[in-house]
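To start, I am sharing the structure in question, which I have written as structure tokens.
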Amino acid sequence: MALFARTPLAPLEYSRTLWMRAWVGLVMLFLYAPLIVLMIFSFNDSKRNVVWRGFTTKYYEKALGNDVLVEALVNSLTIAALATIASLILGAVAAVMLWRFRFPLKGAVDGTISLPIIVPEICMGVAFLIFFAKWLEWPTDLIWPFNLGAIIIAHITFCFPFVTMVVRSRLASFNREQEEAAKDLGAGEWGVFRDVLIPHMKPALVAGALLSFTLSLDDFVITYFTSGPDTITFPVKVYSMVRFSVTPEVNAASTLLILLTIVLTAVALKLQGVKAIAETH
Amino acid sequence: MDLNELLAQGRNRRSLLQAMGVAAIGISFGGLAACSKGEGKKLSNGEEAKLNFYNWDTYIGETTLDDFKKSTGVEVTMDLFDSNDTLFAKFKAGNPGYDVIVPSNDFVERMVRADMLQPLDHAQIPNIKNVDPSFINVDYDPGRKFSLPYTWLVLGIGYRKSKVKAKPDSWKVLFDSPEYAGRIAWLSEAGDMFRLYGKYLGKSVNALTPADIETISAMMIKQKPNVKKFHEDDGQDLLLKGDVDVVLEYNGDIAQAMVEDDDIDFIVPKEGSQLNSDTLCIPKGAPHPKNAHAFINYMLDAEVGKKITETILYPTPNLAAKALMPDTYKNNPVIFPPADILAKCEYAKFNEKLQPLYEEAFTKVRAS
Amino acid sequence: MAEQDWKANKRVFAAVSLPTLLWTLLFFVIPMAIVWFYSFGENKGLTEIEFSGTLENYKRATEYLYLSIFGKSFAVAALVTLICLIIGFPVAMAITFASEKWRPWLLLGVMLPFWTNLLIRTYALMMLLGSQGFANKGLETLWGGASWFKTLVGLQPLPTWEPVQLLFNNFAVVFGLVYVHLPFMVLPLYAALDRLDRSLIEASLDLGAGHFRTIMRIVVPLAAPGIVAGVMITLIPALGAYLTPDLMGGTDSQMIANVIERQFKKANDWPFGAALSFILIYAMFILIALQAMRKKVPEVR
């Protein structure tokens, strides 16, 4: 990768030009300013997140000692992780189908697959409520994590179209000659898929995974309508607090989650080696 | 479903939760699974030692559920909902397995009519004697057949003392005057808004007609430029932050805010207002009805009620609990407004014909 | 690049189409079909909805009141999408051209704020923008400084500071929605731009085109599929936003998703809510199906 030689500034090093750095810096400020406020208020000595009333760390102790809060976070992360994996597979496969094949009613199939993005949350929530509770009589007293089943299914349904959209846009730049070449060299369908197509899709898969994870982690309405007893998730907990205002405990938990993510990412990058990670992109 | 039986049998919840949770996300939280249940253990009343409670978050004493477990052995799982509307919507598809729920008065009426609630056996709830007699015979549930009161509230005007010229003792300042233009926040709940306007016009909150809705819509559209925000029941926060100075809110919410800022006060306007009460009910199909009765009885206990009230600071209908509270609570005119004003306040009845009209009219007001 | 006819390779087609089609049918089409039937029904009592084949709900949903809200929501969502595109494109390029060490951090950096709950993030944003908020405090300090400076050079001081209304209006809604939807634009753009043929850009620069012209002429066309995907997954969710307009908007900032939400919740009028939802769905479905058909035409020729 000679392009990224240290000095001098090569023409393609957009990320090292001043205006680009300033722009990214400003966007990051825009993205993180509210987060900094959120973190500051996790130390607020008040029951609510509204006016600064002095410094305390008691909400961190409370958050860590709060079993329900921790359970809610674990539930949310489990749902998000499982829904992301399934959405990635389903979404990528659907994208390959739409990109590669011509088949009857393709327009209708294309439209239907994209629809979960447009259906208003509450409408989809009600649809799942009737579907699971009234039609399937889905049991609500299973052990963890099977009691999250209905929620995960619902999350996959609204996450995978996002993956499909992103992957499809990526596939548009795929050079089919590579596929032909691989086939000429004797690779089978699966081999081509694994060795040629997936590496090409990788940035889109990363983007799709990040989107799915985010969407799933943050969903309240659909989760609420598909949940049974003893399945509190983090958003459900937060929304239920609104009537009496959200306590700094939630800020403390969020701050810990952010720090944990950063630490885990740093560790993962260290372990796998910076190079290996970068090459996958 | 055989799979379910299989899954339901192998419920060593604690270890599974831990193993799967840790494996699934690679994060190990301490005390993650401190919620193993009293498996298979039967109480003397023949029910397993469990209870599923459906409530708002932070709407209970900090140790109430643990204390209940200590005294009865019943493990309470508290799940959370965010509004009466979503509670009702969810129960439209049947009870997903809850034993005790906390709907407000008009939703008690709705749920009774929709056949979602189970009659209460008063013999199993001796602590009913602690409830203020004026809360026993109420329009929305005569004789308390289906519900027992948990808290009650009244709508009024919360305001910042240093920013108003005189006590805003009439709905006029919110509804029909440019005096505090740009510093007013209304509630975004269409029904409440129309009923309170009705109150301002001297009508009962339950006597509005479609013609009244027309008149009131016109008044609202006229006043709208003076209003800054239709808030989602977070008026106390707007007041605390200084974004607005006069706000339509519940007394309990303002009382909580007053603890943090003594420049804030609350008044029930002289025209009268609307009452609201959250209640404890047992939905049809509750898996542990006896535990549910025991739990409701426990919640109405004097000492327990006191602890709950200390946390949530809402007005309590539990006289015995109130008696145990300090004077700063008992004699607080915000939490317990004067009796002559309260006499002019009413509970809103659920009206299924008018509700969609309120909504459509309010959508029009917002769009204009 | 011709698409393959499905009959030419039935086994592969089955492998890639069956999981998606089955999942969509079972967990999307069937649940939504229930709600679709509701849109032709009417409330009977509090919990029962009778399917009566009535078109009354659609008639009501296409009244001027609701159509104007649809129109307004679309305008807001389109504006939000445009702003996201303008802000997001350079960010996506920065990620694409970043060094290997920085790329994962930039990607994470864009996403991380969104792993905290939307509601508390919105509250934090409101804390920044409120009339006593940090943004206003900062501006006030600047204003005071300017005023002090003017008196220092012997001019009249500036009039006293009035807080800027940054919250509870349509500006706040657009601001909040841009905040929420920015990664939905950045990620697809990044996915499309990554590993684009750098020799094209180099050639363009060698031939004397400036950076801006090169980006507009070479990079943007190459990123076109990503831009389309980004616009789709920004515009559509922005159209369905309800929390941001509720919390940050003023008295006239309702969007169609707020109206739909109220039908299902407060009004308890599921049939009407279903009809409103399905008007959105029909519009979207036609849009995508048309797009798919348009793509097909040149290949047929």
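Here the chain labels run A, B and C in written order, and each chain numbers its own residues starting at 1.
Everything that follows uses one rule, which is that a residue touches a chain if its C-beta (ideal position, glycine included) is under 8 Å from a C-beta of that chain, and two chains touch if they have at least 3 such contacts.
As the structure is a prediction and not an experimental result, all values here were calculated from the model.
Because contacts link each chain to all the remaining chains, their graph is best described as complete.
When every pair of chains is scored by its C-beta contact pairs, the maximum goes to A-C.
Ranked by separation of Cα centres from chain A, the top chain is B. A separation of 34 Å divides the Cα centre of chain B from that of chain C. Centres computed as Cα averages put chain A at a distance of 16 Å from chain C. Inter-chain centre distance (chain A to chain B, centres taken as mean C-alpha positions): 34 Å.
Shown for chain C are the residues in touch with two or more other chains, namely 127, 264-265.
Counting partners per residue, chain A has 50, 126, 130, 220, 239, 242 as the residues that reach two or more other chains.
With touch defined as above, residues shared between interfaces to two or more other chains in chain B number as follows: 83, 86, 89, 92, 232, 241.
Those residues of chain A that touch chain C in the complex are listed here as 1, 3-4, 11-15, 20-21, 23-24, 27-28, 30-35, 37-38, 41, 49-50, 89-90, 93-94, 96-97, 99-103, 106-124, 126-128, 130-131, 135, 153-154, 156-157, 160, 162, 165-170, 172-173, 176, 189, 203-204, 206-208, 210-211, 213-214, 217-218, 220, 234-235, 238-239, 242, 246, 250-251, 254, 257-258, 261-262, 265, 269, 274-275, 277-279, 281. Residue ranges of chain B in contact with chain C, taken from their complex: 83, 85-86, 88-89, 92, 110, 113-114, 116, 188-191, 224, 227-230, 232, 241-243, 352, 355-356, 359-360, 363-364, 366-368.
Of all residues in chain C, those touching chain A in their complex are 1, 3-6, 9, 11-13, 15-17, 19-21, 23-24, 27-32, 34-35, 87, 90-91, 93-94, 97-121, 123-125, 127-128, 134, 179, 182-184, 187-188, 190-192, 194-196, 198, 201-202, 205, 222, 225-226, 228-230, 232-233, 236-237, 239-240, 242, 257, 260-261, 264-265, 270, 273-274, 277, 280-281, 284-286, 288-293, 296, 299. Those residues of chain C lying in contact with chain B across their complex are 45-47, 65, 68-69, 127, 130-133, 167-168, 246-247, 250-252, 254, 259, 262-269, 272. Considering their complex, residues 46-48, 50-51, 53, 64-65, 67-68, 70-71, 73-74, 77-78, 81-82, 126, 129-130, 133-134, 139-146, 220, 224-225, 227-232, 236-237, 239-245, 247, 260, 264 of chain A touch chain B.
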